[in-house]
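What follows is a group of structures, each given as C-alpha cells.
Common to both upcoming complexes is chain A, partnered first by chain B, then by chain C.
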Partner chain A sequence: MRLKWKISILIAVSLALIAVYLFVGIPGNWDYILPRRFTRVLAIIITGSVIAIATVVFQTITNNRILTPSLIGLDSLYILLQTFFIFVFGSTSIVALNANINFAISVGAMVIFALLLYHLLFRKQKNVYYLLLIGIVFGTFFSSLSSFMEVLIDPNEFFMVQNKMFASFNNVNTDILWFAIIILVATIIYFWRYIKYLDVMALGKEHAINLGIDYDKVMQRLLVVIAIWISVATALVGPILFLGLLVSNVTYEFMKTYKHGYLLLASALISIVALVGGQLIVDRIFSFNTTLSVIINFVGGVYFLYLILKENKAW
Partner chain B sequence: MVEVQEITKKYGNKAVVDQVSVSIPKGKITSFIGPNGAGKSTLLSIVSRLITKDTGEVHIDNEEISSVKSNALAKKIAILKQSNHLNVRLTVKELVSFGRFPYSQGRLKKEDHRFIQEAIDYMELNELEDKYLDELSGGQRQRAFIAMVIAQDTEYILLDEPLNNLDMKHSVQIMKVLKRLVNELGKTVVIVIHDVNFASVYSDYIVALKNGKIVHQGPKDDMIDKKVLRDVYDMDIQIQDIDQCKICLYFN
Partner chain C sequence: MKKRYLIVLLLVLSVISLFVGVIDLNPKDIFNLTEDQKEILLISRLPRLISIIIAGVSMSICGLIMQQLSRNKFVSPTTAGTMDSARFGIMVALMWFPAAGPIQKMLVAFVFALLGTFIFMKILDKVKFKDPVFIPLVGLMFGNIVSSITTFFAYQNDLIQNMSSWLQGNFALILQGRYEILYISVPLLVLAYIYANKFTIAGMGEDFSKNLGMNHKRVVNVGLVIVAIITSVVILTVGMIPFLGLIIPNIVSIYRGDHLKNSLPHTALLGAVFVLACDILGRIIIFPYEIAIGVTVGVIGSGIFLYMILRRSAYAS
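Let's turn to the complex of A and B:
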C-alpha cells in the first residue's frame, strides 16, 4: 500500500514533467514543434526506463549495487563498431548512413559478444566477478582500438564518430525509434516471466539454487536481455550508463523494498523524472549550451563517490 | 533415500571429494564429521546440486539429481550453507516466505501462508517476525534461516555447520529443533558438524570423512569409539558414558 503510493507519486511527477516539457513554452507553430518534442520525449522515456531496468537487473544478478552493465564492455563495443564502420567503409557507406542497418548490426554484435563472454568464461568459472574482470579488460581494449582508429581517420569522418560518442537527447537517433520500440516490446514480453525469479536471485546464488531456480539458464537469459537493452539504449542516444547507477540506487533508497516488480517500475519512473527534468533544465535554462549527459555524469559522479564512502562504512 | 555413488570432485589436480559412496538413511539425523578440509561441506553441496560433480551419481528417491528439474528438486531437498549474508534487507517473515517459492513462484496462496506461520511458530520466532534480519542476534538469524528451510517443506534437510558461531544455549536449541523435525515431522536431516559431542548426542548415523574419502560410517554407537575417532582425527580421545550419552573428552 505504501509502495503503491510511492509508485503513484512517481507516475504523477513524471506525467507532469512530460506535460510541461511537451506543452509549455511553445511560441506558435505547434505543428512543427510538438511532433519534434514528442519524438524526443519518447526517446527519453524509452532509453531512461531501459537503462534503469537493465541496471537493476544486472545489479540483482551480480548481487552488487555499485556495478553497471557498462562493466562488461558493451558500450565501448558500440563505439568501437561505429568507429570501425567509418574507418573501413567510410562515412558515405550504407552501414554509416542507413541507421536501421547500422542498428541491427550493432545490436547483433553486442548480443553475440555478451553470449561469447558468458559461454567462454562464465560457464566454466561460474563466478560473476571473473566475468566482470574480463569484461573490463575487453572494454578497455575496445576503447583503445577505437582511439587508435579515430586518430587515423580523416578529421571530417572523425566528426561523425564523435557525434555518436557522447550521449545526447538533442540529436536522438529518431530513424531507429520504431525499430527500437519493436525490439523492446518483444524483449520485455520475453523478460516478463523472469521478473519473479529476480527476488530470489537477489538472495544470492546458493539460496536461488536451493529454491529451485535453474541458475545458469536464468543468468544467461538475463544477460542476453540486458545486452539487447543496453545496445538499444546506446544506439538511440549514446553511452549513458552512469545514469543507471544513479537511478538504481536512488530507487533502492526511495522504495526500501526487495520486490522487483516495484523496484523495476520505480526505477524506470525515476529515470524518466531525472531525464525529462534534466532535459528541461538543458533546454530552458542552459538554452542547449550543454548536454544532459554532462549534467548526469556530474550528479552521478558525486553520488558514486558518496556511495563508495557509505558502503565502505557499512562493510 | 539419498544414494551417493562414487562421487569425485577435483579442484585442479586435488580431489576434494574422492570416489565417495554413501547412502543416507531416511527419517534419521545423519552427521558428517571429520577434520577441516575433509570435503564434508563439498559433499553436502554436491548432494544438494549447489556444486556440480565431476563424476559419480546422486540419487534422491531413485532419481538422478541432474535429470530432475531444479524446481521439483527444491520441493524435495533443502540446503542451508554456513554463511548467510544477504544483500537485501528482509524481515524474518519475508525471509521465511521465500521458502515457499518452489510452490508459489512468488504468489503466496492461503496454504503458503499457513506453512509460513507454522514454520515461524515452530522456530518460536513469533515476536521477531516483523524485525529485520540485521537487527537480530546470530542465533536468532540462524533460527530464521532454518524456519525458511522448514517452510520449504522438503523431505530432506541439509545443513552446513548449523551451530557455527552459536553459543551453547542456542546450539542446543537448534539441535533439539532438528531432533523434533525428525521425530515429529519425519524429515531426514543431514548436518555437517565439528563438535563430536553434538554429533554423538543428537545424531543417529555418522559418516566420517578425511582427505576427501569416507574413513568410517555407521550408527552412532559404533562410531563414537576410541579406535574410529583416532582414525578420523589422529587423536586419542577418551570416551565416557554420562547419562547414557557418550561424551568425548578431547581437550587435553
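Let's turn to the complex of A and C:
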C-alpha cells in the first residue's frame, strides 16, 4: 500500500510540473508556443523514462548500483558519428541537415556496434565487467578519433558539432519523435514479459539459475533491448551520462523495495520530475548560461561521489 | 627483449625524430648547418625529442607505480581519475588565476591530482568486491564524475574550447622555453628508482610490508605524490596521453615480472620508444601536417589494451 502511495505522489508531482511547464508564462500566441512546448515535454518524457528504465534494468543485471549502460561507449560513438558527418560531408550536406537521415544512421550504427560488442564477448565468456571495460576502451578510441577531426574542422562548422556534444531538448524534430516512439513502444512490448524475471535476477546469477531462469539467454536479450533504448535516447537528444545513475539511485532510496514493477515505474517518473523540473529552473528561474544536461551531470556527479565515499553495502 | 636492443632502438628513433619535419634537415649536413637549420634544431626538434622521451618515460613509470601500489594491473593515471583531477585543477587555475604562470598552474593541478588520487585510493579501500576488472571501472566512473564537474564550470565560463586545446596531447607546440617545466619529473624518477624495492614490498600488501618492518603508509604516500606531480607536469606541457601508463607496464611485466627494480628500466625505455614511434608515425602519415600524439597513442594503445584484456580472459577461462 505504501508503495502505491509513493507512486501516486510521483505521478501527481510530475503531472503538476508538466502542467506548469506547458501552461504557465505564455504571453499570448498560444498556437505557436503550445505545440513547441508540447514537443519538448514529449521528448523529455520519452528520453527521461527510457534512460531511467534502461539503467535500472542494467543495474539489476550487473548486480551493481554504480554502473550505467552509457559506459559501453555509445555516447562517444554518437559524437564520433556527428563529427564524422560534418568533417567528411560538411555542415550543409544532407546528412548533417536532414534530421531523419541523421537519426536513422546514428541509431543503426550504435545498435550494430552494441551487437558486435556483445557478440565478441559472449562468444568468449560471460563476465559483464569485461563488456564494460572493452566498451570503455572503444569509447576512448572513438573520442581520440573525434578529437582528431574536431581539431581539423573549420571553427564555424565545429559549433554544429559542439551543439551535439551536449544534450538538449530544445530542437527535437517532431518527425523523429514519432519514429522514436514507434521503436520504443515495440521494444517495450517485447520487454514486458521479462519484467517478472528481473526480481529473480536481482538475487544474483546462482539463485536465478537455481530458480529456473535461463540466465544467459535472458541477460543477452535484455542487453540488446537496453542498447536499442540508449541508442534511441542518445540520437534523440544527445548524451546525458549521469541522468540514469542519478535517477536510479534516488529511486532505490525513495522506494526502498526490490519489486521491479514499482522500481521501473518510479524511476521513469522521477526521471521526468528531474528533467521537467530542471528544465523549468534552467529556462524560467535562473537564466543559467548552460544546458540542462551539464547541470544534470554536475548534480549527478556530486551525488555519486557522495554515494561512493559513504560506507555503502549495496556494492 | 634485451635492454640493449631497446637502447639501440631508442637511439635510432631519436635520430629519425630529429630529422623528420617540414623543414628539410639532412643527417649529412649535421656538421655544416646553416644558421636557420641550427635554429630549427635547437628551438624545435631537440626540445621535442627531449620532451617526448621524458613524457614517455615518466608516464609509464607512473602507471607502474600505481599498479604496484593498488595491486591491480588495470590501474593507471587514466583509469584512476588522476588525469581528470589534474584537468580540474588546470580549469580552476584558468578560472581564478588567469594571469598565473605555468609553475603556479602546475602547483594547482598538482594539488588537485593528488587529492583525486587519494580519494580514489580511499574508494578502493571501501570496495569490498575486489574483481580486478571492477576496480578500473570505479576509477573511470570517478574520472567521469570529476570531468563532468569540470565541464559544468568550464561551460559557465566559456572555457570548453580553451580547455580542449590545452589538454589534447600534442608535441607540435613544444618549443624552447615552453617545455622546461618537464625537467621537474627527472629528480622524481630518480626518487622512484630509489624507492623501487619499497614499492615492490608495498605491493605485497599492508600486513606483509608491516611485518617486514616498513612504514607502508609513508611509502604509499611517496608513490602517490610522485605520480601526482609527474601527471600534472605532463598534462600541462604535453596534454593527455591516454593508455600510456596502462599498456607499457603491463607489456613489461609479462616478460620481466613484478620486481620493480628489474622492470623499472625496461618500462622507462619501452615507454620512450613507444611514444617516440607513435610521434614519428603521426608526423609521417599525413605529411606535411601531423596527427596529435593523443590520437596516435589513443588509437594504437586502445588496440593493444583490447588485445591484452581478451588475452587475459583467454587465460582465465
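One rule holds for everything that comes next: the second predicted complex is superposed on the first by the 303 of 315 C-alpha atoms of A that agree within 3 Å, B and C clash if a C-alpha of one lies under 4 Å from a C-alpha of the other, contacts with A are read in each partner's own complex, and residues count from 1 in each chain.
By our rule, contacts are C-beta pairs under 8 Å (C-beta built on N, C-alpha and C of every residue); 3 or more make two chains touch, one makes a residue touch a chain.
Everything numeric here is computed off the predicted structure, so don't read it as measured data.
When both complexes are overlaid on chain A, the residue A:F191 reaches neither chain B nor chain C. When the two complexes are overlaid on their common chain A, residue A:Q162 makes contact with chain C while staying clear of chain B.
When both complexes are overlaid on chain A, the residue A:D199 reaches chain B alone and has no touch with chain C.
Once chain A of one complex is fitted onto chain A of the other, the partner contacts of A:G300 are limited to chain C, with no touch recorded for chain B.
Contact with chain C, but none with chain B, is seen for A:I134 once the two complexes are overlaid on the shared chain. Residue contacts after overlaying the shared chain place A:Y258 against chain B, while chain C stays out of touching range.
In the superposition on chain A, contact is made by A:S144 with chain C only, not with chain B.
A simple residue count on chain A separates chain B from chain C, and the partner touching more is C. In the superposition on chain A, A:L211 makes contact with chain B only, while chain C stays out of contact range.
In the superposed model, A:L67 makes contact with chain C only, not with chain B. Applying the stated touch rule to the two superposed structures, the chain B and chain C interfaces on chain A have no residue in common. Across the complex, chain A is touched by residues 74, 78, 119, 122-123, 126-127, 129, 131, 133-134, 136-138, 140-142, 144-146, 148-149, 151-152, 155-156, 160, 164, 168, 242-243, 291-292, 294-295, 298-299, 302-303, 305-306, 309-310, 313-314, 316-317 of chain C. Of all residues in chain A, those touching chain B in their complex are 63-65, 196, 199-200, 202-207, 209-215, 256, 258.
Listing the residues of chain A that touch chain C in their complex gives 66-67, 71, 124-125, 127, 129-130, 132-134, 136-138, 140-141, 143-145, 147-148, 150-151, 162, 166, 241-242, 288-291, 294-295, 297-298, 300-302, 304-305, 308-309, 311-312, 315.
The touching residues of chain B, counted against chain A in their complex, run 48-50, 69-75, 78-81, 84-90, 94, 98-99, 101-102, 105-107, 152.
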